[in-house]
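One structure, as structure tokens, below. Some questions next.
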Amino acid sequence: MSKSSWKEECGVFGIWGHPEASRMAYLGIYALQHRGQESCGITTLHRGSHFFHKGLGRVADVFTEYELDALKGTAAIGHNRYSTEGGNHLPNAQPLFAEIPSGPISMAHNGNIVNAPELRNELIQEGSIFQGTNDSECILHLLAKQRSRDIVENLKVSLKRLVGAYSLTILTDNKLVGVRDPMGFRPLALGKLDKAYVLASETCAFDLIGAKYIRDIEPGEIVWIDDSGVHSDKALGSTKTAQCIFEYVYFSRPDSYVFGKSVYGVRKRLGQTLALEHPTEADIVVPVPDSGLPAALGYSQQSQIPFEYGIIRNHYVGRTFIEPKSSIRNFGVKVKLNPQSAVLKDKRVIVIDDSLVRGTTSKKIIGLIRQAGAKEVHLRIAAPPTVGPCYYGVDTPTRSELIASSNSIAQIEKFVEADSLRYLSIEGLKKAAEDTGGYCRACFDNEYPTPLFNKQKG
Amino acid sequence: MSKSSWKEECGVFGIWGHPEASRMAYLGIYALQHRGQESCGITTLHRGSHFFHKGLGRVADVFTEYELDALKGTAAIGHNRYSTEGGNHLPNAQPLFAEIPSGPISMAHNGNIVNAPELRNELIQEGSIFQGTNDSECILHLLAKQRSRDIVENLKVSLKRLVGAYSLTILTDNKLVGVRDPMGFRPLALGKLDKAYVLASETCAFDLIGAKYIRDIEPGEIVWIDDSGVHSDKALGSTKTAQCIFEYVYFSRPDSYVFGKSVYGVRKRLGQTLALEHPTEADIVVPVPDSGLPAALGYSQQSQIPFEYGIIRNHYVGRTFIEPKSSIRNFGVKVKLNPQSAVLKDKRVIVIDDSLVRGTTSKKIIGLIRQAGAKEVHLRIAAPPTVGPCYYGVDTPTRSELIASSNSIAQIEKFVEADSLRYLSIEGLKKAAEDTGGYCRACFDNEYPTPLFNKQKG
Amino acid sequence: MSKSSWKEECGVFGIWGHPEASRMAYLGIYALQHRGQESCGITTLHRGSHFFHKGLGRVADVFTEYELDALKGTAAIGHNRYSTEGGNHLPNAQPLFAEIPSGPISMAHNGNIVNAPELRNELIQEGSIFQGTNDSECILHLLAKQRSRDIVENLKVSLKRLVGAYSLTILTDNKLVGVRDPMGFRPLALGKLDKAYVLASETCAFDLIGAKYIRDIEPGEIVWIDDSGVHSDKALGSTKTAQCIFEYVYFSRPDSYVFGKSVYGVRKRLGQTLALEHPTEADIVVPVPDSGLPAALGYSQQSQIPFEYGIIRNHYVGRTFIEPKSSIRNFGVKVKLNPQSAVLKDKRVIVIDDSLVRGTTSKKIIGLIRQAGAKEVHLRIAAPPTVGPCYYGVDTPTRSELIASSNSIAQIEKFVEADSLRYLSIEGLKKAAEDTGGYCRACFDNEYPTPLFNKQKG
Amino acid sequence: MSKSSWKEECGVFGIWGHPEASRMAYLGIYALQHRGQESCGITTLHRGSHFFHKGLGRVADVFTEYELDALKGTAAIGHNRYSTEGGNHLPNAQPLFAEIPSGPISMAHNGNIVNAPELRNELIQEGSIFQGTNDSECILHLLAKQRSRDIVENLKVSLKRLVGAYSLTILTDNKLVGVRDPMGFRPLALGKLDKAYVLASETCAFDLIGAKYIRDIEPGEIVWIDDSGVHSDKALGSTKTAQCIFEYVYFSRPDSYVFGKSVYGVRKRLGQTLALEHPTEADIVVPVPDSGLPAALGYSQQSQIPFEYGIIRNHYVGRTFIEPKSSIRNFGVKVKLNPQSAVLKDKRVIVIDDSLVRGTTSKKIIGLIRQAGAKEVHLRIAAPPTVGPCYYGVDTPTRSELIASSNSIAQIEKFVEADSLRYLSIEGLKKAAEDTGGYCRACFDNEYPTPLFNKQKG
């Protein structure tokens, strides 16, 4: 929770062959709401035409029964957006739509194209027009230049031009397509619901609609679904994968399977490993809710130090809030989190958070815990220091805003006013995530798996 | 008012060199609200970038102070849309925006491109992608294929490809452009406000902001305005003009000058001419408010039969209305119009309306007038019978829905249950509009001034 | 239109014995919307219980199908409110409801109780509690103190305590009651719709729902309607009546019958009489729309000077409007009214308005007419000078704000910058309204028909 | 969470002597939002007058900066309402306001007056009018009948007439009053914020604004605060207290102190005691989030069976939700709660919930847990069976809807399809709550501490 700016990214969904496709897509992106709250949209296919509705805000606010009923058809794709590139206005909301030589096409994209500015420039010079500012529009333009009627062939040619992260769900006039980039940065899973097939960023979307998880789309795989079933092509290739390890640390819902593993299970192991790496004498283990819960539980089970809800989260806090004019200390944090003296008073407290970005929120939380009477406050982070920004679809602060990129752990410890601060090691992270290679950990180790073009590396 | 479906079209606006450009554009499209209520938008230019806000609904509902303040810059264009081609969803709202090789471009369009489907198809085959469904997007694609940095040069080449109606206001990164198609179907006027220049579909927009009407943009003229003043190029050419005579009959606000003439003046002459053509013995002349008012006044002055407000319009009627479940006769009309027996009882009444489209509304009005006690009801239409749909930017019923396309005047007279029905003649229309050629009267005479491609003519 | 502050008051409605009572009440107060736009409400009677919905704003905004369906029952009353006494917040919206010894009661009130402050004080001392701030609450408290089960008996006792104006529609658990105070300040009419009976402030409400006007409720009459029909009691008495003549001048809709006469007819006679009293040499007669239309027509017909729509009203102007930051001269008026030079240029113009309150709006209109090129501007007011505030249910400026209370006509003429200014005489007003006594003209002659208690008279 | 109908009640707040009184009241009722989400309101005192704003919905939706700024003054009271008696419409929203002989008075009430119908009837017979339907209005009427100018004296006389539950915050023109009924059913605490004094239902409201908890208002105590400080009167008396033990079980926020004890602490002891009473062989302890969390943690710590988040709650679920048309099994529960197979598969599971009302939700949860692969499901309820409805301010199902009122534990076990079901004993409840008498446990033991008048007991 202490995240002040490592924001969610996007969620994608797709379904083929269901009589209530628009409602299933609605539920799918409802379950993926944590991946993006800025805008959302659904496109359906009905008798060869695409119908869509998009809006700024959350799924529950953007869609009414009326709109879902108007979205006719038995196939649909959906999207939740957190703006990564491009401001938050409606033209950037997805799914995107275009009429191209192969017919109508709608697309939902999770990820970020690293060479989008270069491609965009090139495409504009060739006469393509860009109506929005997001990087996903490039993909449509590349597809529009292909001459085949076969969308899969066109995708194989077009996607080779891209460097970066893309998990896509695509709707044409006769099929649903799911794609993961060759490195597989972002997740994409395949499920089945009665006779319908479903695609979703996380399996929690399957759970809500009662679909069964079949398998992940593989890095570099194009899967297409039509009335004859599921088909696959791996011609995009995949020599080296780079699955985002931060999905485990923070993004995904704990009840999802991501990259084939239970997020909750990984998160608990992060806490257990942290306890093994940094045994600490204390009276209680307290999570920063909600993101720190599983790691704190793992830490407590490993260390045998009792787990306590020392900080209570107010779940009635909405998106808007009127602040008092005079200052109340640490107000922004207090609205959501209330450290309770009944638990904390005179205790030596281990506080577990999932990550530490700028340090300002952690500093406030520690201040409130001390105000509540804690004797000692030991901050333990269930991940390594975040030292590099993400260029693969996550909205992160710039490098200079990441406190760990330019401060030692001792300096950060001093800044957040903890009695001690310890992070999980990279080795610990790999162990907990069962990462024997094939993951992107660039935000922790600055090892970017792709060229960055003119993105600043330092 | 009896129009059940000869709907408004669009309004465009532009301003260059004003410190409150977004607010002036807001006022401009506010004054042009009658030309389209489905959506509206404003784009401004600030330091080489375009800022825009668009929304479904009326100007007063779409814009707040907050949004106008965010639309920085000293130049702006604005648009009111009534959906002619393309459904009513936000991607079709204008101004359209694109990044093209010559830089950012925003465009507002009033009119309709007759050969848009053909162009669209051709452009798609060449790799252009269409994100909306309206015909205006073609123009941006044609521009995007030009290689010059000079927007005027690019326009000269691109617009030659178009057949149909287009009055455009365009904003680039260094100028405001106004264009009228070579036939000049739709109006576009140039004005001056202090040191700023202004473009608008009708002069009533100038009146509200205190601008002075200078002249009309001529058919086939491209005008561009930058910090060095107003420039003109007539290379598009114009051999035959076809200005829309229906602007006088119904569309434009009576207080506007359109095609250089006072709309109110023309409308009064329509009524006067009608009185000359069809002298009728009666006690009172009653307009159908509000559209029939000037013609009724002209009719009364010519015939010396007293003008009376026999039908009162309820101006509090909003866009939504809940009907009773059980039927009330002629309810839809009664909500807006109340024929009053205090005026009508035992009278021989001449009712003046501006046009007659399907006949159903006229039938209801005549029924209500009889219920109010009128002895005779003579319906006089201040225009000829409408026999053909419009393909130049007006949303009209199909030919088969136009009652006059397949019924004689006697048959219509019977259908609407009038004691007599008379229309203005085409000659009378030309006389009243001082039309000595150069006008499009296709909706009255089926003489379409351009090829119609695969549009049904019959 | 030039009214800057002689505001509407309230409208009341009632219906008994109709299967769609809530929808009929909705339509009734929709038709009476001009009498109050600040709040509105409907109460229905179903199986002995009252159901209500009230809200701030206009009828079309406050009610949805959902709410009308929830308002079950075959009897209903409705109310439009313009705040006369008491601020504009929801607790003051009507109908008011109370449980009193005789059962549930709901009441809608048009008018103002002059001795309300005194009554309120007395009632509070006796233990009554006031939850709102409007004067109507007094009536409920007086009724609550009566011991009879018969509401009519209780009304006869309670209403004797009141001094002032009240047209009431009341719903109990077994009847609908209509009351007019003994002086009959405000109108109230009785109508019939199939087997149902209807009460309304103006007959335009009958027209919309297809009801037939039967007669007015008489001053001092209590009418009650139950399943056995219509009953009447005149025990309140009425020695001297004081019907509000301003209903003719401005408040009522022209298509209503009020106090038994056509409002439109009276208004035209006001203009005719004005022409007789003040013959003026001029080229055209121009109304200030919409309120000056009938009088201007009367003036034109009497004087034989041509009537012209020299000022066009923009009917798309909504309730909210964003002004430019820099000043535009006479902006507030220009948004609504556009004087057109095509009509006014080089003309000697007679401008007709229904009344003149503060003079500021008239001054602006005259300025705009001159800007449009008029050679002379002669302002003619179709009523006498307004010199006194109203205490009987109309929201008027204070005496000191009424320009005519402290300025001579010559001074006002100079202030509004007219070439000449003339008012209708009080004798002319009486003649046009066929007023042979029995009307309240206090705003014109300061002859208040009741004691004013501590209201300032001067 | 499994509560399908043991709803929250109300929250009250008050502050005296703070420059931002309205904002502090806003924050106070924001923190108390869990006690009522149907409506809310704030009243302030400024120069002897009361200003208020009330609305349907949540605090964050009802109030804007604009409204808080309009609520001037340095004293305020606030209210959150969950409708106990009286439907959910605005006239029932609190604070209530009245002008009474002692001056203006506003009041916020948490609780329920058992003899309200009798009092209401009596008051109506005496001429009082009831404009809303809630029981709180009685208190204002009783006060209005008192003749003293001293509100405390008037309260002492009036409140003696009441039987039932009332924690009140009251604002007059010169003081803030806090009252708890003689049995002290509902909580009310006193705090201090700089020089201001604060009253609130729960101490979590103090935490948010940075106020310090001083003490509880005692049962039967009237406290009044004015510029000279805090004063107290205990003349209402209190021989037997009956503090609501359900505040510990479910209502209050875990981070509050209620009746002087930490709610979180009591809740953990409920779980510990449950583990001692019903030791069960199992692999994991799983809470029903969020209400079962502390008890599950207590159960796990006592039993040494590992605690696991086997059910994940979706915190993005809003108030509205569109369901699919075809049925999805257990859909209503699945939207909020997702039992995860990664944790549950092949496990013997102890599920902890805070209470069991109708049984239908528990049955669905158990079904989902089994679907997720659990081998055994043992439901443990951290409270005794709920057998009686509440008449003291809690919205409960009727007796017949309470499954435990007419079914044995064995029958309920079978209904919810648990492998076993066990409840905490009443003795266990008393022990965990440190209840040595002085608590109301009527919902568990049918021992109602007051007469119930004509309320059904059986």
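Should a chain be cited, it is by its letter among A, B, C and D, assigned in written order, with residues numbered from 1 in that chain.
Keep in mind that, in the parts below, a residue touches a chain if its C-beta (ideal position, glycine included) is under 8 Å from a C-beta of that chain, and two chains touch if they have at least 3 such contacts.
Since the model is a prediction, treat every value here as computed from it, not as a measurement.
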Joint neighbours of subunit B and subunit A, given as chain labels: none
Pair from B-C, C-D or A-D with over half of its contact pairs in common with A-B: C-D
Most distant chain from subunit C, judged by the mean position of its C-alpha atoms: A
Whole-Å gap between the CA centroids of subunit B and subunit C: 37
Approximate Å spacing (C-alpha centroids) for the pair subunit C, subunit D: 48
Where subunit B and subunit D are represented by their mean Cα positions, the distance between them in whole Å: 60
For subunit A, residues contacting two or more additional chains: none
Interchain contacts (touch definition) - all pairs: A-B, A-D, B-C, C-D
Subunit C partner contacts - residues on subunit B that touch it in the complex: 19-20, 23-24, 26-27, 30-31, 33-34, 37, 58, 60-61, 63-65, 68, 204, 207-210, 253-255, 257, 262, 264-265, 290, 293-294, 297, 301, 306-309, 312, 314-318, 320-322, 324-326, 328-329, 334-335, 338, 340, 342-343
In the complex with subunit B, residue positions of subunit A that touch it: 53-54, 90-91, 96-101, 120, 124-131, 140-141, 144-145
